[in-house]
């Protein structure tokens, strides 16, 4: 038998590719990105130092402001919509329903599809000239208008709505698993106590599922921060720039607007924001020892 | 209490209002979720003149298969009119090696981190964990430059590498969580039987990783197939995956918009993940739960 | 790509049959060209380049990248240049888009070729200036485009009982009349850059050449805050009332097609719209009316250029040389620009075969009633910011012209 | 006296499968009744049916003189304690106790009184502010009992309440439940598969098997006079020794003839005169096998071979083989036996049971 140290060595060797990825693709890229954000680079990286100039510009840029606002609107509609709809679906599916499997399959299938597909389909359905609006008018309601997709002040709501269609099933699946994990005796105890079902959900089950809700919210929040594909497919950021989002801001400035310093500044802001929000959660979830023990 | 109301036996089941409400909600929700799919399908079988009339929800009156053949083989992206089929092949070429490699690497990581506790393991874990949540935009530019340096930018190996890099966090977490649940005594027994790092991995761990391998495969296959951003930036013109090709077809400036062709192409693009979804059934749900990176 | 290979194989076979030396055929000079000419008319035009290049022993490898008014194609090309895998040639708009590539020494200096073929005397000076830095030529201009045309459907105007507009007030009268007729008064595309075009139309047409130059060239904030510029913003804002809800998701050529097919009254678009007309066998200036910069008739000198990244491979450099030469051959220029709807960059190209709109443009050019395109005057970055501002203003009626002016001033001043 | 709980003609079926068929059960007020049986015997189903937590297919359930067959659980005047405690995890102990009362809109004063009384009875006052996750298993179960207590129920139902606890706690809490019953004097129905619990707690035990009540009687009766072989085999640890044999006529009445031995049945406490010429099974509990010195000189003394001995402190368990048969014997500890020792054994017939081979019923 080889000595222990030698055996540990093969574990270290096995992790070499991962180390390379961690050092270069994760840590290295992040540092590099932050570095560039403090320069005046255009198309090509330049390694001067201009302080927070790009950040200044970023926060004065209306497009960035709009992007952040849109992200907030999208995020609210998407997260709250998914949670409410997903929770309702999970609860109703949990009522000893006939055909539960079919319903569950239907509710979750959009999640298998990409945001690109989701965006294209809804862009078509909501198409202001040939979509729902025209169909309803053809049914006889001639005054009906539903042209939010072409209205700068409304289009982002529809993007959030389409996102909700794609991801609500995810929440349903997570919460349904949680509901199935609720001790049957709790329900019995509540019935003996004479607590009406809605009250059981509200006062007992929802608090019991809080970690599931947190998981769902985190998953949805990640999707929100990364949101890009669905905007590209559904509106392309339009009408005008009314549905731009930060991720698209970065890509556009990186690859089209030829200002990588501003783009990396925007990316760094996204990075810091995510770090601030997620850091505590991650620490709580994975590294706090007492929690794992109990 | 009179004799006729004397309760006995099964409590009479009334179809209560709440019961009706539940089913009404479920049916309504199902309709909402199915509607886009229905619209995609009917649109793809309509002719353009029919579509112009604006009955988006109507069944095709003038049934045609042409949009499908056009979408498959003739739809134009820019000046190339070769349809979505190019993208299908590209997507497979990207997805198969990328999924295989990232799963393998994730399994090795999970195994090494959970049983061998190598030096710096916590650091790897923390970075990967964080990496799973950080917006990709942070990595993009330096990665473009790095890949260019090693001549991988805009190549097939390049896009595969990118998928492996960004698939690693979730795959590592997945396998780590799975192996953490394996009784450590089993591992100790294998050590006493003289198994080394790789022997234990291939002969003990992999054979008992069946369920998690399936879950990982589902996650990676659908995830990589559905990717748009990386394909757009790293794949290069000759290897654009199907999602990018689809977006190009739909948003190409050539001629008028052929909504029927677009929808046929859209369905074709969604087909692979949908098949995975319907075939894998409950496994898909497990994948979601596992992909939820629970502690 | 399959089709191209096939055609090329035929080309080789033909040259062999003509008894040319085998060696010459083998030296088929492959050149990959990135461009974003993907609409019908543009595609037909670029085929002219391909035909001419292949006929002279080259092999055109087409790398068209659709979308975003060239954004995607430029991104692709720039990444490849920076990444060390440059194409042989790559399209840009005339202007500052490739300045940084030049200053980083990534592009070929074309002075030797210019000298050999005498380009410096033949090319329109505005353009020559735009493709040169420190007196060295770094790109080959291939066309002159004027982005600021107003296209209209004479038939619809007749039906509505109104005349083609001479002033902006006329235009609004016409638009109102069209609205009453139940047709789309103004066909507008959804993409931000098309809305920016419309804005520049108003800025030059309503505000005039001087205002335009003061704002974009001199970055004169006072000019932005002037009543004239406010008028521009107000006029531009008024246009928001005449677009239809189908705007979102519509591409520029689909908007143009609405006018060509008499479904909409007006459309602001560059002269490349003529390509779409030719595809449908409509005559620009006759079947579809054209007005350069309504109000102060002015020509906008912009266009497309090709740059040639520095390469190592000798054969590829030879291909670049050949391509550059072909692009500026008078015959090729004429054929290309006819299809493209633009004006040739060479001064001595005969103009009598050109359509009415192009003639009109050439006349303005000769008179000196022209301005350099915004791409020549401002950086892509600033241009992007203006596009953003314009687009968000145009698609959100709650934004006031005053607000617009203030934010515009910030961009120009900052 | 009117029964406190009465189950009449109860049938519970899932689809075509009858889990319980035509079951009758009357429980007198203040009685502690234990439903005992192996898992799957229907005891929990019966309890849930009494509680109204599952739908019954036929029959009636009466509680305190009221037909509650169609009543909701909360209206039946019951309190229930579950195996998994079923505490509401996000609520403090106090909230857990009072939640049902609050939903039923009891007055604050009333709630406070009831909670403090229950807390006092169960001695959980110091725990009131804690969350269930910060309690030990025993404490949790106390709280669960408290939740039943505050309901001021006429009938308490316990569904295997101790089986999630470790052995020592189980004994402690068992005693406490017994005390509680003595203090409250309410009717209690207690489901368990643990016979010690059943024997120690119950006023009467209902041994269930296959959805039927096999025997309903006082614990000692069940132990000493099991009505059939199932009950005999289920109760007692180690299990009763069984010997196949036959009843034949002898000089002083019937004689049991086993394989290789015979024993007279004088003093057998039967249900009536024993038949003869019938195949029967003789059942003798380990402690009723007379062994070694005790057996010496008894009729039917035979020699068995020691296989192994398990000293248990207070007594010892000796496993013997006798021909083909194996049997266990409980004897006073003291002398050690080695494998292979040959020792005489005999049976204490006065405390043995004889079962009909056919019907398995006690004769």
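By written order: A, B, C and D. Residues from 1 in each chain.
What we mean here is this: a residue touches a chain if its C-beta (ideal position, glycine included) is under 8 Å from a C-beta of that chain, and two chains touch if they have at least 3 such contacts.
In this text the structure is predicted, and so the values were computed from the model without any measurement.
Student: Could you tell me which chains make contact with chain A and chain D both?
Tutor: B
Student: Among the other chains, which touch chain A and chain C together?
Tutor: Per touch definition, common to chain A and chain C: B.
Student: If you tally contacting C-beta pairs, which pair wins, A-B or B-D?
Tutor: A-B
Student: How many angstrom lie between the CA centroids of chain A and chain B, rounded to a whole number?
Tutor: Chain A and chain B have C-alpha centres separated by 15 Å.
Student: Can you give the whole-Å distance between the Cα centres of chain B and chain D?
Tutor: 55
Student: Could you put a whole-Å number on the gap between the CA centroids of chain B and chain C?
Tutor: 40
Student: Between chain C and chain D, what's the gap in Å when you average each chain's C-alpha atoms?
Tutor: Centre separation, chain C to chain D: 93 Å.
Student: Please output the residue numbers of chain B that touch at least 2 other chains, ranges allowed.
Tutor: Each of 145, 251 in chain B touches at least two other chains.
Student: Give me the residue numbers in chain C that touch at least two other chains, ranges are fine.
Tutor: Answer for chain C, listing residues that touch two or more other chains: 79, 82.
Student: Would you please write down the residue numbers of chain A that are in contact with two or more other chains?
Tutor: 127, 129, 236, 254-255 - these are the residues of chain A that touch more than one other chain.
Student: Return all touching chain pairs.
Tutor: Touch list across chains, by label: A-B, A-C, A-D, B-C, B-D.
Student: Note which residues of chain D are touching chain A in the complex, please.
Tutor: So the residues of chain D touching chain A come out as 48, 51-53, 72-75, 78-80, 82-91, 99-100, 103-104, 133, 144, 147-148, 151, 159.
Student: So in the complex, the part of chain C that touches chain B is made up of which residues?
Tutor: So the residues of chain C in touch with chain B come to 1-2, 36-40, 43, 46, 62-67, 76, 79-80, 82-85, 251-254, 257.
Student: Within their complex, state which residues of chain B touch chain C.
Tutor: That would be residues 77-80, 82, 144-145, 147-149, 151, 153-154, 237, 248, 251-257 of chain B.
Student: Show which residues of chain A lie in contact with chain D when the two form their complex.
Tutor: 183, 185-186, 188-196, 199, 203-204, 207-208, 210, 294
Student: Can you name the residues of chain D that touch chain B in the complex?
Tutor: The contact residues of chain D facing chain B are 11, 55-60, 67-71.
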